[in-house]
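Going in written order, the chains are labelled A, B and C, and every chain counts its residues from 1.
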Amino acid sequence: MINHIEHPIIEIHDLTVSYDQSPVLWNVDLSLPSGKLIGILGPNGAGKSTLIKAIMGLVSPSGGYVKLFDKSLEEVRSRISYVPQRESVDWNFPASVLDVVLMGTYGKLGLFKRPGKKEKELAMECLEKVGMQGFAKRQISELSGGQQQRVFIGRSLAQNADLYLMDEPFAGVDMATETAIFELLKQMTAEGKTVVVVHHDIYSAVNYFDWFIMLNLHLVASGPKETVITEELLRKTYGGKLNLLTKVSDLIRQKEFNPLKN
Amino acid sequence: MSDFLYFFTFQDSSIAFVVIGIILLGVGSAYVGTYSFLDKKALLGDAISHAVLPGICLGFILAGTKNPVYIVSGAFFSGALATFLTSWLRKNTRLSEDAIIASILSIFFGFGIVLLTVIQKSGNPEMAGLNQFIFGNAIAILEEDLWIYGGLAVFIILSLSIFQKEFSLLVFNAEYGKAIGYPMGLIRLVFNVLMILSVVIGIQAIGVVLMAALLITPGAAARFWTDKLGNLVILAGIFSAVSGVMGTYISFVLPQMPTGPWVVVFLSFLALISFLFAPKRGVLSRYISRRSYLKKTHQDHLLKALYRALEAGKKNMTIEEIYEAYPFQKRESDQSIDNLISNGLIIKNQSIISLTPKGKSESKRIVRLHRLWELYLNEYMNIAPDHVHDSAEKLEHILTPELEELLENRLNYPKLDPHQETIPRDHDEL
Amino acid sequence: MMSFDQNAFLIIFTASMISISCGLLGVFMMLRKMSMTGDAISHAVLPGIVIGFFVSGSQRGLEVIIGAGILGILATLMIDWLRRKARVQLDASIGITFTLLFAIGIILINLLAYKVDLDQECVLYGEIAYLPIDLWITGGGQNMGPRIMYLALLNLILVGGFIYLFFKELTVTSFDENFSMVIGIPAGVINLGLMSMVSYTTVSSFEAVGAILVVALLVVPPATAFLWTKKLNQLIKITIGIGIGIAILGYYLAYFFDSSIAGMVVSVAGIVFLASALYKSKLFSNRFGTSTKQESFGN
């Protein structure tokens, strides 16, 4: 069940990604509409984060390509924002909450320029949106998990993008934060932004997202909620990996080189 | 040449002692080092080897001479203190492991330098011997030193052999070891002690600065040749012993040359050979197998082209048609054709090429795998028929008979692929 | 004995500049968890230095810096080659690379012993004590003062400029490399720049403190400062403060004990580091109930 659409904001064509030469994503082929809150679902190790990283050019695919706004990534970098997994950084880093959110403005600032008054105001605004304005001067090592997550989202807001890709923003946060973040994301899509979120909890996901991408090493489904949240597709997504696919992956890993690479 | 004979025939008993010493310590440190390499703690060995310097100096100051017992004990205690501080700092501060190891390494070394210069300026004539501990001088190993260094090396080798199971557990999966009731803390402690000892016995011959190489390089090089722990350790030991003897020989021929750097150069050379030429994992053999794989894919594609011609009702193809199908690859095409002919898969009559019966069966197999995979992608992975071709172009060369069987089963011996083309079976007639 | 004389001032001034340069770079090396890479680079540039000395003869000039720069980059490439092409794990790649290059350096020193004014001791701990008599004489014969002081000053200016200009980029790539790449900051280039500055600083400080003790100055002051603060600008300030403090204290202690100045500077840094760690450790704060508790908020 894969719904393709006209004038997609993201177009992924036949994308295959391997880590250490064993494929973790097989032939993903999909297109996504703009202005929607999109959830990426799938079991552990299904390739959810990998898909986002491939879209952001952080891992290079062994096959296929990605187009954003019908252009290459380089041309539209400033219109895209990325929220990595919270655990991907060391929160002992000596920086304040405001410092981290200001990093969101660095892309547009260019080389040598320092963030000035304008950037600081923007950063404060973003902190307000995530309910962290009172913590601007706090050091990030002193934050709770939920607060760290809000800071990361604040930083992505400061990028002032049209497309947001978020890797597990609800992981390890309390219920209040989860609701607050969700309200914020809904508001963003109402303003015409597109938000793509990797999510692990199928039960809450049904209430959150308008469009779903369901992954299990390959693309199981991509489409609006009503067409893809079916028992059959959920079983395909969460009901174990395809035996044959795993075997082929093993076969490829045992080769001395990656046969999928051109 | 006479030097060479003199050295390697061991007429001089002191040379024999030195060679025995260097072999024992090389094997011992390679043994320990292989484990710490597998444990991904290679750089801790570097820290320990720099950190024994102040202990050596203190041992010297206390003894007043180059007494091996004092020096070995001093080195051991300062190595142990450094190891202890490293793990203490890891538990009690926010510093990253990397910063801790680098700090401990350089602080101990700096303090060692202070002691060294203090001794130097005290005017003790024995001082000359102490300098050798920094870059090593195997030739200076005396018989009485050998008993200590050799004894410790034998102790290390025996301990590691007897507790091989426990140390393997430590390196492979310490958490699991704990869960099944092994005292992992104690095993780690014993291992650290052995690691410090292996550094301590190497300092006279190799020197503190380069001792890390004897711990890291043999294991890393041997890893390219084997997957078995037993073989790995033996091979690492051989690499280390050979380089040790070679380095000692250089020091013997050129007395002003320190031994350590030469041992490291020989060791690195062996490692480089391993990285490049080891079967399977080596850079060269990976390159060769990739090349031959690419050749095979080209041949497979030729067979497929001939099969498709058959499907279209053409019994054969001209060589020009093949060149046309693969522009800019004339040489590869010629080579593939030659190979296919010598394997009895095709025959060439003037410039007309056709499949032999054997070639027919092989080409059917490739086309079958291609189309089965396309169907699998389409049915099980929901990929549109116009997007399945590229993946199948790659997979058709690597799918095994076992996977073919599995595909047939899973797809229930299908007749047609997603493009409505026949999936050929061996008994099908064309 | 502790009288203030011009030579003492020159030595302390130079040592301070060197430890500030190293500390500034070291802060970012530490935050990137690359302290050991710094260690590797400082060992690995040795053959470049020796060849540079050999080529340039007694005039220690640009050749030395170029030679070491090439080796620094070669070391980075070799580590990368071992990791990617030969698939050796990272820690072992670092270990193999620097031990080999350092060994080659030592062998070269011994081979060229009569042609190069460089000995093993100099590699180990340099000799900043001779700084006041190693003067820079211009072509016109004018005495400009200690040569190494100018090297250190130039180094400090370049390192300071580098950190100042790329502060934003260095910070964001250290904190979150992926994010920095996503927003279009060339993380690889910034990293290479930092490594080049580390190699250059190693060379420039080499004659004064030796190749190995440079590592201590790169690593220990930032690590100590990290124990005391959670703010980046304070981290840098404290690192600079420690750099100056250990230079002064190290000099006078070395004078007192008649030992290597560089070694003593590092020993003082080590004592400050270990004392800070003990004071700031959980052990200490639990047992003595000091106010250094670092419970995180809102957990």
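Assume contacts are C-beta pairs under 8 Å (C-beta built on N, C-alpha and C of every residue); 3 or more make two chains touch, one makes a residue touch a chain.
Computed from a predicted model, the values in this text were never measured in an experiment.
> More C-beta contacts across A-B or across B-C?
B-C
> Determine, using the mean of C-alpha atoms as each chain's centre, which chain is farthest from chain C.
So the chain farthest away from chain C turns out to be A.
> Can you give the whole-Å distance between the Cα centres of chain A and chain C?
Computed value for the inter-centroid distance: 39 Å.
> How many angstrom lie between the centres of chain A and chain B, each centre taken as the mean Cα position?
Between these chains, centre-to-centre, one finds 36 Å.
> For chain B versus chain C, what separation do you get between their C-alpha means, in angstrom?
Going by mean C-alpha positions, chain B sits 31 Å from chain C.
> Would you mind listing the residues of chain C that make contact with two or more other chains?
33, 226
> Indicate the residues of chain A shared as contacts by at least two other chains.
In chain A, residues 90, 141 touch at least two other chains, as defined above.
> For chain B, write out the residues touching at least two other chains, lowest number first.
Each of 94, 96, 281 in chain B touches at least two other chains.
> Can you check the complex and tell me which residues of chain B touch chain C?
Going through chain B, the ones touching chain C are 37, 40-43, 45-46, 50, 85, 89, 91-96, 98-103, 105-118, 121, 131, 134-135, 209-210, 212-213, 215-217, 219-220, 254, 256-258, 260-262, 264-265, 268, 271, 275-276, 281, 283.
> Which residues of chain A touch chain B in their complex?
Residues 1-2, 13-14, 16, 26-27, 29, 63, 90, 92, 141, 218-221, 242-245, 247-248, 251-252, 255-257, 259-260 of chain A touch chain B in their complex.
> Which stretch or stretches of chain C touch chain A in the complex?
So the residues of chain C in touch with chain A come to 31, 33, 165, 167-169, 171-172, 174-176, 178-185, 226, 229-232, 234-235, 296-299.
> State the interface residues of chain A toward chain C in the complex, per the touch definition above.
53, 56-58, 77-78, 80, 82, 84, 88-90, 93-96, 99-100, 103-104, 106-107, 109, 111-115, 138-139, 141-145, 147, 155, 159
> Could you please specify the touching residues of chain B with respect to chain A in the complex?
94, 96, 280-281, 285-286, 289-290, 293, 376-377, 380-384, 387-388, 390-391, 394-395, 397-400, 403, 406-407, 410
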